[in-house]
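Listed below are the structures to be examined.
Paired with subunit B in one complex and with subunit C in the other, subunit A is shared by the two complexes that follow.
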Partner chain A sequence: MLLPWEYGVRNLFRRPIRSLLTLAALATVIMLVFLMVGFIRGLEQSLVISGDPDVVLVYSVNSEESLENSAIAARTPELLTSSLSGIVQRFGVTHISPEMYLAARVRTQDGHSGFGLVRGVKQTAPLVRRSVRLLEGQWPGPGEVMAGQLASTKLGTPVESLDIGRTIEMEGQAWRVSGTFAAGGSGYESELWCNLGDLQTAAKRQDLSLVAALLEPGASVAEIQLFCKQRNDLELRAIRETDYYASLQQYYRPVRMLAWVVVTLVAAAGVFAGMNMMYGAVSGRIRELAMLQAIGYRRRAILTSLVQEGVILAAAASLLAGAIALVFINGLAVRFTMGAFVLRVDGVAILIGCAVGLTIGVLGALPPALKALRQPVATALKAV
Partner chain B sequence: MFRFYSTLALTGICALTIGCGRTEIATQTRPSSLGVDSSFLASSEPTESTPVKAARQELENGQEATLVGIIGGSKEPFVDGLAAFTIVDPSIPYCAGDDDCPTPWDYCCTQDQVRDGIATVKMVDDAGAPVAVDARELLGVKELSEVLVSGTAVRDDEGNLTLVANKVFVKKP
Partner chain C sequence: MPVVELQDVCKSFRKGGEIIQPLRHVDLRIESGEFVSLMGPSGTGKSTLLNLVSGIDQVDSGRIVVDGTEVTTLSRSRLADWRARSIGYIFQTHQLIPVLTAYENVELPTLLLKQSATERHRRVDLALEAVGLADRAAHYPRQLSGGQEQRVGIARAIVSHPRVVVADEPTGSLDTDTSEQIQELLQRLNQELDITMLMVTHDADVAAIASRRLLLDHGKLLETDLNEPGKTAAG
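== the complex of A and B ==
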């Protein structure tokens, strides 16, 4: 026969301060788990969303996966257009986007400065970068930039510093902010976009960093890869955009592994904290537990009741931490080497956080409860 | 209580066994000869062949030739999904095993020489269409395989050389 459910619940209210402190400790631990899992999920989502399976990137074979280091001939887009058939063409416009991509020091009007990611594009860019949406303002004209909604986070400057009409300084020139754009959570949101020609002039470069091409349905990237092999003089390589970001995921694997290690360590710390609390709680109740045995409750029933207390506390802490995480952590922008991304407390993060919380409740309660029940009833009844 | 401990221990052992088990699939490797099409493989070694470097200087557009070279020239010398790859002149050295280079076929130590000693091979069928099978599967070759390729040269104004080929002889290492 099990102890009544209310018995365990009431026990928590018998020592309200201790229960509240434990709740706060567990909620803090679970919050840390939410934070770390939110970081991992945000990073992964940002890389997954950034890749379009229909887009092929053509960049320098010598750039070692880094588009910022890539430099290819300015005539590459024309060569690709004239040599290949699998690229989308509509109303006489080829869906191909020549781009210059570089990291530059950006100084805002209010004196803040930081390294930003700048992409020089032509008006065909939105045909290929299909996730980009203009939120406010307009497409950049001469001497203007359009700011992604996470660009200020990447720069480490206040959001207002990239408001429409403000001026920024980069590559030795002043640029006016003409608009703000979103890109469905992808990496572009941490970038500043301007006209390709303007950026080439400012950077004193005539080459391109990459060419992005939108493939027709069913077209193969192999045709473009073969073109790159055949045109050895251009030193090009072609890769499907999703594969490029998958390779970046591999690049950031150690970071993600480290984050998972932190999650494990935090969870382990939570288990020990829970255990400590339960040892304290149970040691003061040895006579009570022995009395329960004396009146006929089996050890397993008492153990279940003690675990129930731990789990109730952990579940409450998980709910509290989950609510705080959803309100305050979810959507928080984080600066990172590749740009910026937002922390995502999604279904997976909630599941992991709550699972860690409940595990802490069970594992934290088991050892002290087992220790208390191991004593003979007669001895335990006389315990001080 | 003993039964409870036993159940707990058994659950733990099961979890460890499942968690630590390695799947067979993960350790299996694909046989290199999978899907090799003998119609593209020459049964005997051609008696005459031209090294890639010489071919880049001598061959004209449309000329029939047999090139000898080593598959490589970049980190990914094969085109995924097409029977096409690049070959490098055999006289150009690649990183030897003791150089601790994980991808010796990219000729990272001698890239300046590769520029004038590389050619692209594109396998075509009887109708002249590119073969949409990875060359590794079609020919059973891999990076650094030495091959003799027979076909027609395609030149461009920039000096690039492509051999549109229909027969390959793979030299035994």
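== the complex of A and C ==
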């Protein structure tokens, strides 16, 4: 039989200041956990969303995994279109998007500057990049760019610096912002898009970085890959876009591992905070715990009650942290090497945060409780 | 059939290098309904004896049977279960839980019994009534006087209707008037509820309310007669 639940709850009010401080400490710890997990989840999510299973990317074999370093011949799209059958064609338009993709220093009108990701595209881009939606303004005309909704975060500049009508400077040229776009949370949202020709002129390049093509349902990437192998003079490689981002996930593994290590360390700090409180709470209650045993409560019941106490506090801290995380952390845009993404406090993040909270409660309460119950009842009854 | 029976009980403690043996081959039989007081100089082992009878300490050798159960053979958790059913424990200082009301404190032991909530509430009400504190049920210990706190402690000891109640200096930290009230109460509970009592005290006046008086000295139990203190019979 267990002790009544109220016993655990009311015990927390015995030393209200101490409980409150511990609550604050635990809430902070759990917030940090939410932050880290939100970061990991956001990163993973942006990579997952960015891949379209029907899109194949064709880029240079020499570029490793980074598209900024890829350079392929400008005639690649025509070669692909004429040699392959699996690419979507509708109303005489081939759904293929030749693109130039580069990282460039961008200076905004108000004097801020940062590294931006710039993509030069043609009118066919939205046919292939199907998640892209214009939020405001227009598709970029000559000398214009449209900004992804996280582009300012990526640049580290104020949001207004990319408002429509503002000018920015990149690749030694001035550009006017023509519109803002969203892309369903994918990586494009941290980019600046302009016309391919303009970007080629500004960058003094004739080549492309990559070609993205939309495949017919059921069409296989293998055909394109075979083409790349046969025409090895072109030095091309083809990969399904989802596979490309999956390999990026691999690339970010150390980052994610590091984040998990931080989560663990932070959680351990929480355990110590909880333990500190519970040692204090239990040490003044040695006689009371002995009395409970004397009137017939088993040690396990008392142990459970003490753990309950820790868990109640930790659960309260989790709730508090969860509420704060949902309001302030969820959707927060952060800058990262390959772009910007938003922190996601989703179901998984909540689950992990609360699990960490409960673990802190249990692990923090166990050692003090076990210590208190190790004493023989007869001796403990005489304790002061 | 005695309710409490000790046969050849020995108990010693190791304290630093020396061994203290408060109980040396002690025998004792307490019949149902008896009110036994236990006196003796400080440090002779009176509390130790109570703790053995109530199963919160273990004998070195010998046998203790309480209410038909041989407590010396039970495991620790079985002992806890057994205590919940068969033993009431009155402490020198009330040992009430400060965050629980008088009612909730008294209710604690009943939560260990398999019975309905109605029955439980009935018993708690009865116990509080028996100690004259029905109107203080909702009070917290800090809102009660020392004597009232001790009475709540007594209510908690009797609420499960145990066959045996042990009390370790139940009046030890109370003033004379309050002590007298408690003595009366214990006597009344013994007589009206037919609870077998084993009470340790340092006070000869308190010991006098018992129907049978024992003295523990040098590890041996002696029966004393109130009129002829010091005159002994084999224990």
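Observations, loosely collected:
In the analysis below, the second predicted complex is superposed on the first by the 384 of 384 C-alpha atoms of A that agree within 3 Å, B and C clash if a C-alpha of one lies under 4 Å from a C-alpha of the other, contacts with A are read in each partner's own complex, and residues count from 1 in each chain.
Assume a contact is a pair of C-beta atoms (placed from the backbone, for glycine too) under 8 Å apart; a residue touches a chain by one contact, two chains touch by 3 or more.
Small disclaimer: the values here were computed from a predicted structure and weren't measured.
Subunit B and subunit C, once both complexes are superposed via subunit A, fit side by side. Using the contact criterion defined above for the overlaid structures, shared-chain residue A:G331 touches neither subunit B nor subunit C, since it reaches no partner. Once the two complexes are overlaid on the shared chain, A:G141 sits clear of subunit B and of subunit C alike.
Once the two complexes are laid over each other on the shared chain, residue contacts for A:A222 go to subunit B alone; subunit C is not touched.
Contacts of A:R299 after superposition: both subunit B and subunit C are touched.
Seen from the CA centre of subunit A, the centres of subunit B and subunit C span an angle of about 120°, rounded to a multiple of 10.
Within the superposed three-chain model, A:V61 lies in touch with subunit B and out of touch with subunit C [touch as defined at top]. In the superposed pair of complexes, A:Q230 makes contact with subunit B only, with no contact to subunit C.
Among subunit B and subunit C, the chain that touches a larger number of residues in subunit A is C.
After superposing both complexes on chain A, the closest C-alpha pair between subunit B and subunit C lies 7 Å apart.
When the two complexes are laid over each other on chain A, subunit A has residues 299-300 in contact with both subunit B and subunit C.
Within the complex formed with subunit A, the residues of subunit C that make contact are 47-48, 51, 54, 56-57, 76-77, 80-85, 87, 89, 91, 95, 97-100, 104, 108-109, 111-112, 156-157.
Within the complex formed with subunit C, the subunit A residues making contact are 1, 3-4, 6-7, 10-11, 13-14, 287-288, 291-300, 376-378, 381. Residue ranges of subunit B in contact with subunit A, taken from their complex: 1, 4, 74, 76, 79-82, 84-86, 115, 118, 120, 122, 130, 132, 156, 158-160, 162.
Put simply, subunit A touches subunit B in their complex at residues 61, 220-223, 225-226, 229-233, 237, 299-300, 373.
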